[in-house]
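Order of writing sets the labels: A, B, C, D and E. Residues in every chain begin at 1.
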Amino acid sequence: MLEAFNFRAILEYMPTYGQCFLATLWLSALSLFGAILVGIAACAMRLSHSRLLSGAAGVYIESIRSTPLLAQLYFFYFGLPTFGVMLPEWVTGVIALTLNSGAYYAEIIRAGIQAIHSGQIEAGIASGFSYLQRMRYIILPQALGMTIRPMLGQAIVLVKDSSLLSLISILELTRAGQLLTSERFMPAEGFLTTAVFYLIIYYMLKAFSGWSEKKLIFREAH
Amino acid sequence: MWGFYFNELIRSLPSFLEGLWMTVAVSGLSLLAGTVIGFICGIFRAGKNRILRTIIGAWVDLIRGTPFLVQVFIIFFILPSAGIELEAFSAAVIALSNLTASFICEIVASGIIAVPKGQSEAATAAGLSPFQQLWYIVLPQAMRSILPPLVGQYVLLVKDSSVVSAIGVVDITRVGWLTVQRIPEGLMVFGLVGLLYFAICYPLINLSGYLERRMTVVSTKL
Amino acid sequence: GTLDEISKRGEIRIACQTQGAPFSFVDRNGDRTGSSVELCNLIAKEMGVKVKYLNYDWDGLTPALLSKKADMLAADMTPTLKRAMRIAFTDPYMYVGSVVFVKQDSPIKTLEDIKAGTKMAVLLGSTGESDARKVFPDAKYKTYKGGGPLLINAVIAGHVEAAVNDGSSVRSQISNFPPNSVRILEGQLSRSPLAFAVRYDSPDLKNWLNLFFLHKKLDGSLDENLDYWVNSLDWKKDH
Amino acid sequence: MISFKNVNKWYGDLHVLKNIDLEVAEGEVVVVCGPSGSGKSTLIRCINRLEPIQEGELVVDSMAVHDKKINMTKVRADIGFVFQSFNLYPHMTALQNTIIAPVKVRKMNKDEAERLGREMLVRVGLEERIDHYPAQLSGGQQQRVAIARGLCMQPKIMLFDEPTSALDPEMINEVLDVMRGLAREGMTMMVVTHEMGFAREVASRVVFMDEGQIIEMAPPDDFFTNPQTDRGKFFLKSILTH
Amino acid sequence: MISFKNVNKWYGDLHVLKNIDLEVAEGEVVVVCGPSGSGKSTLIRCINRLEPIQEGELVVDSMAVHDKKINMTKVRADIGFVFQSFNLYPHMTALQNTIIAPVKVRKMNKDEAERLGREMLVRVGLEERIDHYPAQLSGGQQQRVAIARGLCMQPKIMLFDEPTSALDPEMINEVLDVMRGLAREGMTMMVVTHEMGFAREVASRVVFMDEGQIIEMAPPDDFFTNPQTDRGKFFLKSILTH
């Protein structure tokens, strides 16, 4: 299948790839941002003393984690209109990705928070900080700093999961490869090029996380 | 109308169970192979040999950075031009094992690195060989931080296995696609698909939560 | 040649897509059937070999053929000139036309009601897509993946105002939905051929297939197949 | 300033503070010592309700800490607390560590807080380390930042829980010197420590605890030369003779 | 028993051991002291090649440790090493901790190793803690298990790196007592410690290090009463006066 590998055709589709690459970038960025916010909120609920909040967050997190994104995506796309909620595709896609990754981020951040030395929390209490102030100024910055690696992992999963959005007619990177496949019947060219673009995003994320890890992580005071 | 489709769906239940079995078989085999390979690579990844570390690192990046579907296509469609003919089932197991191994490799490596250096130093000082250190001292302790994310990874494995339906493995997802052509109530069909995944994943997620709790109780404050 | 291999193997491997009635689908009893499938069964019978179906997504069809996993490709595929740059198509054995369908209560009554900016659903890379883009260049397109029923779902859910797909598929798939949920507009957008495909290094198989279609055309069994599956809903009783 | 009246505390079934009665007057320096697990840390942690008490009265600067309904933010703002393990915020510089609480809790204006923070860091001898992160400081320096952080709230009381026991021997003095200075300036202090030299020099009283009880309470000279109980004698012997 | 000849070691650019010359005879107890970062730990870690040296000769029990080709397993089996942070294996009981190396390295038969392990645990006063896990033991007890673990290899030399500095004051003595016992029985020992009482009592020599060099080396009475260098004087002052 590789004997006839056709670079010229790839070049011809480059504008499409570029456009789709940008779409994947900003859809993922938006969802990533949302997912981290949702993750923080869900995690705060999960760790709160209110049984109701913590229970609700638990149901959300576990049901998301144990069902495939595809099922969730269809639920939002074909399910919501039944209840009279009509959203543009990209909004549906971003919501599905956000809620999906949000559940994973909640778990990652929880692990980060629970790894924070209890002395840090006590120092905050002793200074007279309120619960929210401690979260905001002491716990979250450290938890986020410590969890850069798993956060990166989830970000990569999110970017790749965004390929499912092509199922609900959003043009993104995977879609570009499929165009080359179905119009020109050049699957090897299509998929390998797609893979290269994903790899570019991967290395961008990895570099960013390495950079922020250096900036954010300070070794525990000995 | 839902009632009618529901009866139809009940009639399809046998094929859903066959799909379930296929998902379990593909995931189960890949879980075993991926775990073994992942552990071996993870041990080297945390080890002293630079060349091995770099090679394994590059492999992990490549697998983590590209869409799984592309990996499946490469193994199934492109390897044959190198003379490696595979059945869809074995190609699926190989692709999935490879994916899982790359993730487990990272989990194992960071688990090993998290074991305090003093532990292997004490063992070195006592004259234990590098293998003995690993086997008797480091790995048993690393398991504490490895096990919970390991089981979490198994959940992802089960869900990722849905991708292999693209090369004709009739798993739960594929059965879902086939059924939705007859029973156009996508929400209901994929609800059932989600439910079946949930049935596999939920116990795993609970297991990982249980392990996490147990491991932190056992953990000592050294 | 490929024919020798097939007969030595005693088995012909056919890549297909189970995209839905009437061409290829899994029926109520869990059996694979449909117009293309029955034709393939006949092919195997005439060759005197067994048939093995390799079931892929649309994305997997060409790779399967090109990587020699499959000897031939049987799907409701239009032999476009671009596609024929890569694989060899048999002579067309039937013609289909794309139709437009809308929600039952839609204000769109005729093809003329479709204006610039009308939201249209099509299947990614399908003949329907290229037909629609030719006829309604100014409409707004949403391309879906995963088969015809999805388009109907999208129309019913209101994600789009109209959808374009091959007429026979639409007719047979609508029958699975609640009655009167969608309406097919008068008129076809195009008439396009359907054909099976092989690799360019299998001219023997291609010749044989063309001959096969000729024979079956002459003895009427091809038309019988098409009348049963494509031009009517007769198959609904049995499957 | 601090008054314990018949205070009792349990962890589950474990009775860790038993009928504690203790008055600390303004300007006093009280050193608390005793074997490990005797409840020293628990005692001073109750003062700003890092641990709640279950029985008795605990009044700090005429605010009733035992009262569940009281707003602790105000009480805590008046109490500086220094931990054995420093507990500096690792993601903030020395200066940021000192000013975060004044700005967020006391709502002090940022410039003023910075001026104050610098002043306190100078006071503990760290003018050159103002913009360093904790990981870039030695243990002794970190503990001095922690003291400066406590002082920045301009507290009426400073509490210390074994402030030098995580330090290398040569760094102990730099921290004790800062604490000596504070004592001399009249700060009310409670210090859990085993540094007997320090206790002799600055303590107004030494409190000796064992198994959750205050066993002895006396001026340091009396306690060190002539402990009244066998447990006190044994304890002194064990920490002085190696 | 141990002989350093002109030993040099670098960490990257950092010269941490500079021209070390030191002979330790059989049965000697050498105490190493000096400020933090002076290279004390590095010095004794080189002896069983936990750290490799780059220059010079280091011979232990007539085996050339500086020789890259030598099989260290045998050398290490003859040297017991006790760490500041104990480094017990947390997933094994006290007894399992003591017998793993004899069984796996010395290939001792399991029953015999257990007998030996019990004997050593009794010797350090832990007959009642044989089946406890490290987390269930106090710091002092953990360190004594670590010593028993070292002794189980029936070593010719015991090395200690600040064995008591992670301990609460009352636990220090129980560990030092065990070490005193070992010294009296004639074990060759090198001990990094700041416990001057211990040094005076049992050391045959005190080695004072600063910035990677041995600055002074003298019998303890001479060193403590009359250090020869200013740095020695200053160091003694700083650790004795708080």
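By our rule, contacts are C-beta pairs under 8 Å (C-beta built on N, C-alpha and C of every residue); 3 or more make two chains touch, one makes a residue touch a chain.
Here's who's who by UniProt: A, B = Amino acid ABC transporter permease; D, E = Polar amino acid ABC transporter ATP-binding protein.
Computed from a prediction, not measured in an experiment: that's the story for all the values here.
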Joint neighbours of chain D and chain B, given as chain labels: A, E
Chain at maximum distance from chain B, centres defined as averaged CA atoms: D
Chain separated most widely from chain E, comparing mean CA positions: C
Distance from chain B to chain A - Cα centre to Cα centre, in angstrom: 19
Centroid distance [mean C-alpha coordinates] between chain E and chain B, Å: 46
Gap in Å, rounded to a whole number, between the CA centres of chain E and chain C: 81
Where chain C touches two or more other chains at once, by residue number: 59, 63, 66-67, 146, 153
Chain A, residues touching no fewer than two other chains: 1, 78, 82, 187-188
Chains that touch, pairwise: A-B, A-C, A-D, B-C, B-E, D-E
Residues on chain B engaged by chain A in the complex (per definition of touch): 61-62, 64-70, 73-74, 77-78, 80-81, 110, 155-156, 159, 162, 173, 186-187, 190-191, 193-194, 197-198, 201-202, 205
Chain D-facing residues of chain A, complex: 117, 119-120, 122-123, 125-130, 133, 137-138, 141-142, 145, 216, 218-222
Chain A residues within the chain B interface of the complex: 1-3, 62-63, 65-72, 74-75, 78-79, 82, 149, 153, 156-157, 160, 163, 174, 187-188, 191-192, 194-195, 198-199, 201-203, 206
Sites on chain C touched by chain A in the complex: 58-59, 62-63, 66-67, 82-83, 85-87, 121, 124-126, 142-146, 153-154, 157-159
Chain E to chain D touching residues, read off their complex: 35-36, 138, 164-165, 168-173, 176, 194-195, 197-198, 235, 238-239, 241-242
